[in-house]
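These are the structures, in structure tokens.
Both complexes shown next keep chain A, but they swap its partner, so chain B is in the first and chain C is in the second.
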Partner chain A sequence: MAQNERNKKDVTEKLRTGSKGLWIAFAACALLTAIWGIFQLITLVSARVSANAVPWWTAYDSIQRIFEAGFLAAMLLIAAFMFRRISFSGMPFEEKTIRSVRTIGILCIIQGLCSHLAASLLTLSPQFALTDLFPMQIIAEGMVFLFAEKMMKYGAMLQIESDETL
Partner chain B sequence: MEQNKKNQIIRKIRTCSLVISVFCLVLAAFNGIALYQCINGTLGLSMTETDITRITVGYGFGLAIMLLSAVLFFTMSRSGLPFTKKKIILVLLIGALLLLNALVPTVILFPSIGIKAVLYLVTSSSLLESLMFLFAALIMYYASILQQESDETL
Partner chain C sequence: MEKNHDMMKTSLLQDIRKSSKRILVFAIVFLICELISRPAEILYTYLMQKKAASGNSLSFTNYLNAIQFDSLPEQIIRAVMIIASIIALIVLLSRIRKSESPFQEKHGKILQIIAVLNAAIAFVHVIAQIVMRIVYGAFEPGGLLGYFSPRIFSYWLLANAAMLYFLAWVIRYGALLQQESDETL
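Entry: the complex of A and B
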């Protein structure tokens, strides 16, 4: 039991240090992604205003990239704050952390389903296929995050048990 | 009451992990086909040598990662217990493979394209994903200690 307690303290310390680094890395990536998305948006808008006509395939790619950058920046920011919370408390199985993981999963799935659809609707383009509506990789990532939420709920129960025992 | 809740979650974990393992197998098959086409030279005909090397390495690692993920989720669906040593090792392996996926193209391409290869490393999403998986392994290790405590109490 005492050995377990020591192990737990060691791991908590490692979790704190690790999440500190991750919080900084994810926040920086979120900022860069947001800047890149805004740059894409400005480029698209200014091209439309000045030349008054952008080929639909260029607009399609730009809109898709803007959507992806927006969603990615949001997900990275949520993850950054999640790591920040863990770096303060050292506890990975808190209610707020679990909610963050679920939100990231839902955003992943929405991004997968919406970015191509939005680009198609906004440009009225004929470039649309079923594979665009159902991009498997990003949806699988979303599913993994939603699954991680279930695992974390189980972990939270173990944590409560452990706290009550002590 | 608590035990009931735990059993419910374990049941959900079992079902979800089975679905995800099937998804992983399908993605592994896609990666395998793409890798085969890259090696055969039927994919990326209009691409430069640099891009072909990058995507070939990417599909190779993608195949390995998806197969390992399928094994991880399948074993989880069988046992229903997410925090065991075997699963922690699998998550660590996936994290290491993601790290290699980010590093290997840079190392291979550095002699031919120089500093531009470092850009591939910095902009690679694999790097962040690998850090997340390695951190997840640490969380799982913490949970495995809690699991051990819980088992000993019962």
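Entry: the complex of A and C
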């Protein structure tokens, strides 16, 4: 029992120190991604203003990049705040943390389903390859995060049990 | 109160098992798609490179083609890593389905392997791009940062790997809580 308590303290300490570095890295990445997305948007708008017509493949690529950057910046920012919370408390099974994991999962799936589809619809491009329209990797990642949310809910119940025992 | 808590735990466990079944099916479909598309992509690259290199020596256009269609070793390494990470995910999900608790030390280790593979996939493309340019003698000393642009270096994949690695530690913490809970009962 005492050994288990010591292990728990070790893991909590590792989670706390790990999250400290991660929240700064994720916040920086979110900022960079947002800047990159804005740069893509400005490039697309200025190309549309200076030229009468932008080729569909250029517009398709730009719209897809803007969508990707928007979603990624949002996900990275949510993750950064989640890590910041954990770096203070050291407790991963909290209501807000669980909600953050779920939001990241949902955003992942929306990004996977929408970014290529939106680019195809907005540019009326003839790109209809299913694997391009629905990138399975990011959808799978989203599903893993949604699954992790369920596991964390169970973990929260174990945490309550542990706190009550103590 | 105690009874209610136990009932909630049981229903959550059932929910976890059901969800793991759904994701398992998706992961298997994903694996089949990758097993078909990746070798096809590698074969296409091989044929294109063979066509490009059919002359006496690689011309500048052919060299550009070789870079444009990605290097063959890079594609093979990436394909192996992606398929390995999907297989690891399938193993993890089927283990969770069969085990009594989702929190086990081994589950954390498998998730760590998936995280490391994801991080490696993020770096493979950058390293391959740099190596390709060194091999073809087109390496520009000042242009190294260019290979770390978001289109070449996947920040999301690296961030995803960091999150999965973190989740692996969360599972380890959960395993300790589970052990404590079992000992109390």
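The rule is simple: the second predicted complex is superposed on the first by the 165 of 166 C-alpha atoms of A that agree within 3 Å, B and C clash if a C-alpha of one lies under 4 Å from a C-alpha of the other, contacts with A are read in each partner's own complex, and residues count from 1 in each chain.
In the analysis below, contacts are C-beta pairs under 8 Å (C-beta built on N, C-alpha and C of every residue); 3 or more make two chains touch, one makes a residue touch a chain.
Bear in mind that the values here come from a model prediction, so they are computed numbers and not experimental data.
Partners chain B and chain C, once the complexes are superposed on chain A, run into each other and clash.
Of the two partner chains, both chain B and chain C are touched by A:Phe26. Counting residues of chain A touched by each partner, chain B versus chain C, the larger count belongs to C.
Of the two partner chains, neither chain B nor chain C is touched by A:Gly112. Looking at the shared chain after the overlay, A:Gly70 reaches neither chain B nor chain C.
In the superposed pair of complexes, A:Tyr154 makes contact with chain B and with chain C alike. In the superposition on chain A, A:Gly142 makes contact with neither chain B nor chain C.
Overlap of the chain B and chain C interfaces on chain A: residues 1, 4, 7-8, 11-12, 14-15, 18-19, 22, 25-26, 29, 79, 92-93, 136-137, 140, 143-144, 146-148, 150-151, 153-155, 157-162, 165. Here chain A touches chain B in the complex through residues 1, 4, 7-8, 11-12, 14-15, 18-19, 22, 25-26, 29, 79, 92-93, 136-137, 140, 143-144, 146-148, 150-151, 153-155, 157-162, 165, going by the rule given at the top. The touching residues of chain A, counted against chain C in their complex, run 1, 4, 7-8, 11-12, 14-15, 18-19, 22, 25-26, 29, 32-33, 36, 65, 69, 72, 75-76, 79, 83, 92-93, 104, 131, 136-137, 139-141, 143-148, 150-155, 157-162, 165. For chain B in complex with chain A, the touching residues are 2, 5-6, 9-10, 12-13, 16-17, 19-20, 23-24, 26-27, 30, 73, 82-83, 128, 131-132, 135-136, 138-139, 141-143, 145-150, 152-153. In the complex of the two chains, the chain C residues touching chain A come out as 5, 8-9, 12-13, 15-16, 19-20, 22-23, 26-27, 30, 33, 37, 82, 86, 89, 102-103, 150-151, 155-156, 159-160, 162-164, 166-167, 169-174, 176-181, 183-184.
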